[in-house]
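After this come two complexes, each holding chain A, first together with chain B and then together with chain C.
Now for the complex of A and B:
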């Protein structure tokens, strides 16, 4: 029985790993109360790359990101800018030096991001499509 | 040698100039491409600065650019505003580099303007080109110098030596030039040998020429001798009368007439010619028609004042495009005199020396031809036959001689007196009226009636004759000589039949 459970667990882990490594849709979410219904790809770039810290309607926006080691980050920036993560990191290290713009706040996991979006009306973040809940509003969807 | 040095120098200068420009251009292009590369290098940072409108970052980019020697100034703009520019920046001469959006590559979001430091770049290029040329000249000049020196010793000197030798060679002589054994196998040696072959040919040609000239001289001498010793006086004249050659016979002839043989032809002869106009026309025609012409002219020898007859033959010859006239002279005075004497004899009566009938007829024919009016007196002696019969023929001859003498004295030279035949005389007088004719007829009768003294065997005998004279006038009575004589004859017979010792004019 124990052997059966452990083998089941192993299968689960393997299946989870397989699921994680597969390409998956990434969506942009905001607080449910945010009046914004959708954003454009371009507006997303400008917000995430530090050009504008506001929604298209002029309200301030707080961009949320994952920590450097998070696997979703690389996929997101690739989808957003067409560049790999090392180029994005180089960009930020150059921009931070002059102090004009600063990178988004970094969080360790999707759960932490979801909590932050739910509690912050001006937050904007990206999630795997599968992680979206009813308390979030999807404003953009990257199609793989 | 000078030309060689000069051309070497000129080549160096031209080549250095071309090389200088080449290096200068290459250097200029290289520096411009460097400017491009530097601008390319900063373009990603510049894109970010333009994207974020980050003036600090933009300044950093611009300062970085300007810190290069080859960039004078720079500016960075995004679509609306100038984000940064260096102090000296001006639009003029700025090279634009378009900046893409760092995340959306198709979109241009700004421009970097870079002004190259043209002065610096050019100075740099110039320095670089100059040092290249210096290096080149350091290599090339000694090489050219070496080449020039080698050319001097291997080509110019030996050629000069050959030319000096050649200048001292007398053409046609047996002299040859010396070919250095060192040059035996090269072009200089070949030239020397060729020159010697040419000299040998020249010598042969000269030899032939010389022997030919000797031949020609020999021939010329013979011809000259023939011409000069010829007994026929000959003068060679150029087209305009210049006398070129006069042989000995001609010299003698001309000298005998007091003519300088150097004088121009035909004036030299014309001055003493009795008919110079005819002589000049004759020579002119001969020269014009280029034909052989012959004629005879009478001259007065100024030394002896005697008459000289010369025969002239003019022969035209063309030689080397120039016309020459050979004038053959011949003194024909003796022949002419003889002919005159013969003619005189034929026309004269040997007894009385008056014109005979033939001579008289010639003169009268001339008068008739020239339509000269004249009266003809036909004189027939009466009682002449008895003189012959009684006193002999000598007495008769004496009568005729005496009467002829008296008539010749009575009638002027310009008129005609002749013995017509036997005891008949004819006197003709030009341009006379009837009174004068009658007077003349009377005078003739008087002369004839005068007694003639004849000596025979120591006895003086007085002989008396008379005459019947018939007169006819040309052209009143007849227009031909025959007719005129017939008229005179008719008139004379009418006298003879009636009174005798009288005269009458022909009447129809």
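Now for the complex of A and C:
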């Protein structure tokens, strides 16, 4: 009985740890044929804040995002900028409604994002690390 | 404008729906004040104002934006804004309708009706969700009626190690209304408008400088009537007549705007400041210096901010005619309403609380105290100016719900 309870507690702690760490384990991916091997944190900020949509080699980048209600979006922008999602929404509203730039195209799911990256050579997106496939290339990893 | 509308209709029936975006914004604003004489409004274009013991809703607005990514490098953007206008028509409602061509990440060109990149918040001043203030500082933002430009711009962005530098040139024309007391309405046309914006930005910092040169393209009926009446007065009776006639002749007069601004935001504290200098060869608004600084902090879903704003012009009340008759007195009193329109020397201190009710809805409360040396003022509409005591110190409370969708 004691062993059973211990095992149950261990499984519970492990599953809680996995659940807690999973949202923070985010990677940036591009099409596997993209010659870029890595991007910097600042270049990601420029791309995802609509300031400068280019890879380090100067080629234009197409940034992909999730729809507003997707939980990964808040975690990603917090990791990227330190800002909460309300501040990010206010920022993008300022940029969008003043006509300076358009937000990234938004998709409903990780699967939809992966499909788009695979078929778009200049796409860049963020994913849970566990969702990366052989057809994608990881160019940045958020270290928590 | 028709060409852009036609182009939009063509591409909207021709392409894939996943490249089409539709967004909107809304502000429900309430204004309360203890001001007896100065009717509170946030902008020189607003035809309605709020006085003591009234509840004003004139700052509310509703807008929609359409974006169409026609090709990876070509995009159409259109925006309509419904707010308190003297004349409600399509031309006033359409804030933006332009094509954007981005051949590389460094270059961007736009043609059509774009936002006027005059000051830091000019292009989005009607969209309350986008800033912390309940409304952009009156002393700085209320004076220029123009908010968009029919023309073209070109922007170059250069990525550096620590930030981005951009330079933008724009050219075109613009029309916007000025509304004042006694049904004064002037749809002010700027026929030659050229500007340059230099900006450096990182995640935390934005530094910018703007210089815009313009020429006035029209004048209003009241100015023409005053010119006709004044020209009949003998020079000996009104020695200053020539200068006054010149001040009433607006067409072709130069109005130059120079502004610098800075914003810093480290996610705990922030400040935003701008200073501007308006220079003209017209006596109507010879020189105007304005500025503001706002400092704030974030706490959970709340933002606290305090702001000081000030504006001062060098306008002077013109000399009276040497003799007094009922007709000359009436002409003089009418004339100084025109020449003193931009007689401005005032400042406002405000405190603001912004709270996020959801990820796209915010409520803002702002209390402000204004001191002005004289009334009437271009910033306000007026009542009871004939009284012996004018209320030149007043408080205003603004509460607004701001939503983007």
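We adopt the following convention: the second predicted complex is superposed on the first by the 120 of 144 C-alpha atoms of A that agree within 3 Å, B and C clash if a C-alpha of one lies under 4 Å from a C-alpha of the other, contacts with A are read in each partner's own complex, and residues count from 1 in each chain.
The rule is short, and it goes like this: a residue touches a chain if its C-beta (ideal position, glycine included) is under 8 Å from a C-beta of that chain, and two chains touch if they have at least 3 such contacts.
These numbers come from a predicted model, not from an experiment.
The wider contact with chain A, measured as residues touched, comes from C rather than the other of chain B and chain C. In the superposed model, A:83 makes contact with both chain B and chain C.
Touch criterion met: A:50 reaches chain B, while chain C stays clear of it. In the superposition on chain A, A:94 makes contact with both chain B and chain C.
Once chain A of one complex is fitted onto chain A of the other, the partner contacts of A:60 are limited to chain C, with no touch recorded for chain B. Look at A:109: by the touch rule set out above, it reaches neither chain B nor chain C. Of the two partner chains, neither chain B nor chain C is touched by A:38.
Within the superposed three-chain model, A:133 lies out of touch with both chain B and chain C [touch as defined at top]. Contacts of chain A with chain B, set against its contacts with chain C after fitting on chain A, overlap at residues 42, 45, 49, 51, 81-83, 94, 98-100. Contact residues of chain B toward chain A in the complex are 45, 48, 51-52, 54, 56-57, 60, 102-105. Residues 18-19, 21, 23, 25, 63, 65, 67, 69, 72, 75, 77, 79, 96, 98, 100, 102, 104-106, 110, 114-115, 123-124, 127, 129-131, 157, 159, 164, 201, 203, 267, 298, 301, 356, 359-360, 362, 404 of chain C are the ones that touch chain A when the two sit in their complex. Chain A makes touch with chain B in their complex at residues 42, 45, 49-51, 80-83, 91, 94-95, 98-101. Chain A meets chain C in the complex at residues 42-43, 45-46, 49, 51-54, 58-62, 68, 81-87, 89-90, 93-94, 96-100, 102, 105.
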